[in-house]
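One chain, chain A, links the two complexes that follow: it is found with chain B in the first and with chain C in the second.
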Partner chain A sequence: MSASLARAVNVLKEVIDAPIASYFASCVHCGLCAEACLFYTETDDPKYTPIHKLEPMRRVYAQEYTLIGRLLKWLGLSKPLTDAELAEWQPLVYDSCTLCGRCSMVCPVGNDIVYMVRKLREGMAIAGYAPAGVLAATQRTIEMGSPMGVKLPALKAQIGHIEAETGLTVPLDREGAEYMVLLSSMEIINFPEYLSAIARIMKQAGKTWTLCSSAFEATNSGIQIGVSDLARVIVARIVEGAERLKVQTVISPECGHAFTALRWEGPNLIGRPYRFKVQHILEVLDELRVQGLLKTQGFEEKRLTFHDPCQLVRRGGVIEPPRNLLRMISNNLVETTDPGKYNWCCGGGGGVSANDDAEAIRLIAFKRKKTQLDAVKPDKLVTACANCRIVLEEGLEHYQMNLPVVGLTEMIADHLASD
Partner chain B sequence: MPMVEVAGKSFEVDEEGYLINLADWDEGIAAYLAKEEKVELTPNHWEVINFLREYYSEYQIAPAIRVLTKAIGKKLGPDKGSNKYLYELFPYGPAKQACKIAGLPKPTGCI
Partner chain C sequence: MRINNDVEFKAALNGLDIHQQRRVAAAFIESVLPLCPDNRVSSALGMVKRTGISDAELASAYREANSARVELFTQCGKEADWLGQAGHFVAKATLYCVKPPEPGINLAWEAAMAARMARTCETVAEGAGTENHEAENQYRILYDLLNT
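Right after this comes the complex of A and B.
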């Protein structure tokens, strides 16, 4: 047994906690999770059945923690895990799982399969079976503080452009502000429209807000690759910044996994409750709407549909806010099949879009989104995750579908009442 | 890390051929890197390369393909900010090849 394999087996033994043991024990082998997975539905290949992606972990569970498994192992009837098997499973665990969580939703015995995949990734990462693209992103996060290598000068350059364009101030390190705004790398570099939208919306609402120079980015590759130490470091950076600036609420950006990391995993990672509230930007906007502080004018003429980012909607529970907001500016909102918590993933979450090995299978999986869109034929696709947006744009281009993709916060800002 | 010599000056590249030290870059090195990529440099190529040098000095990041097309579109107009135009210039991946020739690190995408 190689040293890395021994480490992987040890880590897997460690991460098999009570929930995971009970999930393996409860699995009734019904196969419903296959039908819930876009990598299965678009390929008809049973190897993409979500529970099958966990086979290396199930073997360790059976051989270490069940009587029959131990007996079979002792008799030589159940073979120990091999390096070759881990290598074979790498594309199943990383390239063809976006951690979208649809399998967890449909499991009739309530197994949180996506939680198990994340735990398996912890073992795979330690054994060296994580894809180069995801490892490199994680390395950049450790060394530079950002998976894309975005540093403060990039943010400052964008702040300069936005201040010049809007005539508004974008506050940095303003103590005691009500809101601290976080961004994803992609928003800083490719969608600065988001930050500009925030500046205009906050101005209209009369709210104080700030960016934090030591914690401006919310992306957390530790969560995706399955390295909880790293995930903790990234969350702790935000907690430190928010508590130092004494803000009331930290706003998670238009990014899916950042919300999972900060809103749901964060307090467990740092081992204590936050001294501030965490909300997704769409929750904040919906709250401002209810308070009458978000006033829009005019309606979009085009037919709109909303792509639900998995981590925000299915995993995060932010289902109605995007729809409430869209109804403020549209009379022509159409829903695809399976809207809301059962919506289908863009195919690029969970680190898949950063993983070159996954490009071909990602484009095949996109056929699910294509089928959904072909059925309702929208003129514009609205979403609230910068990564979904990039992945959707690439998929649409690949299938030669001419459909613009926009961020919801920007769209709302473009309709702000002018008084 | 491998060393490469151009016109009597030696410089370091990574395993994939990206320049390690940005300050080493000059037009001679660009010409060498372009030759390695089998790209014949025309004024249109230089326009993209110079754009990338400026972009990097402002944002300190090597842009991935969608970021590159959007940023070029903003600066040089929609005709040039298209995949088609950029793939014609850099057939093996505009972001990767152009960044390499411009002496930037390998571009990175969202995660």
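Right after this comes the complex of A and C.
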């Protein structure tokens, strides 16, 4: 057994906790998770069945933690995990799983398959069986604090651009602000309109807000790759910044997994509750709407549909806020089949879009989204995740579908009532 | 009257019809075009600069510019290549230059903002701080076009 394989097996033994053991023990092999996975439905290849992607971990579980498995292992009748098998499973665990959670949602015995995949990724990463792109992103996070290598000067450049464009001040390190706004790397690099939208919305709502120079990014590649220690460091940086600035609420940006990392995993990762509230930007906007602080004018003329980011709906329960907001600016909102918590993934979450090896399968999986869109024929596609946005644009471009994709926060900002 | 700030700049742009907006947008993009090596962008820009461009040609230029814009996105988790990203914003500016008119959207203003982002990306890539003079450059371009 190679040293890396031994480390991987040891990590897998460590991460197999009570929930995972109970999940393996209770799997009834019904195959419903296959029908819930877009990589399976778009290929009909049984190797993409979610529970099958966990086979290396199941073997370790069986051999180490079940009576029969241990007996068989002792008698030399069970097959030990090999490097070759980990290599074979790498594409299944990383390229063809977006951690979208649809499989967990449909499992009749309540197995959280995504949780298991993330734990398996932890072992795979330690053994060196993780895609180069995802490993590089993680390395950049460790060395530079950002998976995409975004540094403070880049943020300051964007702030300068937005202040000039909007005539508004973008506060940095403002102590005692009501809201601390986080950005995803993608919003800093690709979508400056998001920060511009925040500045305009906060101005109208009369709320105080700030960015934090030591914690402006919400992107958490530790969650994507499945390395809890790294995920903890990233969350801790945000917690330190928010507590130093004494803000009341931290706003998670239009980024799916960042919300999961900060809102749901964060307190467990750092081992204590936060001293501030965490909300997704859509929750904040909907709250402002209810308080009468978000006022819009005019309606979109075009037929809109909303792509629910998986982490927002399935992990986060943010289902109604985007629809409430869209109804403020549209009388022509159509739902795709399976909207809300059963929505189909764009195909690029969970580190898949950062993984060059996954490009071909990602575009095949996009056919599911294409089918959804073809059925309702929208004129504009709205979403609330910067990664979804780019993956959707690439899929639409690949299949020659002329459909603009916009972020919901920016769309709301474009409809703000003038004073 | 000279254009000295974005308020005056925007007001001047709002006074332009759609054809003038495209012409002005093309001039803004010309200024940052060297930041985008993608031939589809220069080809789309070349088309829009011609007089009497047909709707079909505009649609074709839109497709070209959009393909380039999407391809030049920095993907989630990839290392930021700010110079490459400048190319994305040039493509985005070009897209505004050729896209069909939409109520409430001034194509020239949107193109100007994307062109400024392209220049900002260049300064980030060069580690030259955040200052650049693209806005002033655009004021001058617009002033010159309005006065010729």
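Worth pointing out:
Keep in mind that, in the parts below, the second predicted complex is superposed on the first by the 419 of 419 C-alpha atoms of A that agree within 3 Å, B and C clash if a C-alpha of one lies under 4 Å from a C-alpha of the other, contacts with A are read in each partner's own complex, and residues count from 1 in each chain.
Methods note: a residue touches a chain if its C-beta (ideal position, glycine included) is under 8 Å from a C-beta of that chain, and two chains touch if they have at least 3 such contacts.
As the structure is a prediction and not an experimental result, all values here were calculated from the model.
After superposition onto chain A, partners chain B and chain C are found to clash with each other.
Contact with neither chain B nor chain C is seen for A:417 once the two complexes are overlaid on the shared chain. In the superposed model, A:25 lies in contact with neither chain B nor chain C.
By the touch criterion defined above, A:353 lies against chain B and chain C together after alignment on the C-alpha atoms of chain A. In the superposed pair of complexes, A:68 makes contact with neither chain B nor chain C. Contact with neither chain B nor chain C is seen for A:1 once the two complexes are overlaid on the shared chain.
Residue contacts after overlaying the shared chain place A:394 against chain B and chain C alike. Once the two structures are overlaid, the count of chain A residues touched is higher for C than for its counterpart among chain B and chain C.
Touch criterion met: A:154 reaches chain B and chain C at once.
In the superposition on chain A, contact of A:185 is made with both chain B and chain C. Within chain A, the residues touching chain B in one complex and chain C in the other are 133-134, 136-137, 140, 147-150, 153-154, 157, 184-186, 189-190, 219, 221, 224, 351, 353-354, 386-387, 390, 393-394, 397. For chain A in complex with chain B, the touching residues are 133-134, 136-137, 140, 147-151, 153-154, 157, 184-186, 189-190, 219, 221, 224, 351, 353-354, 386-387, 390, 393-394, 397. Within the complex formed with chain A, the residues of chain C that make contact are 6-7, 63, 66-67, 70-71, 73-80, 82, 85, 88, 103-104, 113, 116-117, 120, 123-124, 127, 129-131, 135.
Taken in their complex, chain A has these residues touching chain C: 133-134, 136-137, 140, 147-150, 153-154, 156-158, 160-161, 164-165, 167, 184-186, 189-190, 192, 219, 221, 224, 298, 301, 348, 351, 353-355, 386-387, 390-391, 393-394, 397, 402, 414.
Put simply, chain B touches chain A in their complex at residues 58-63, 66-67, 70, 83, 105, 108-111.
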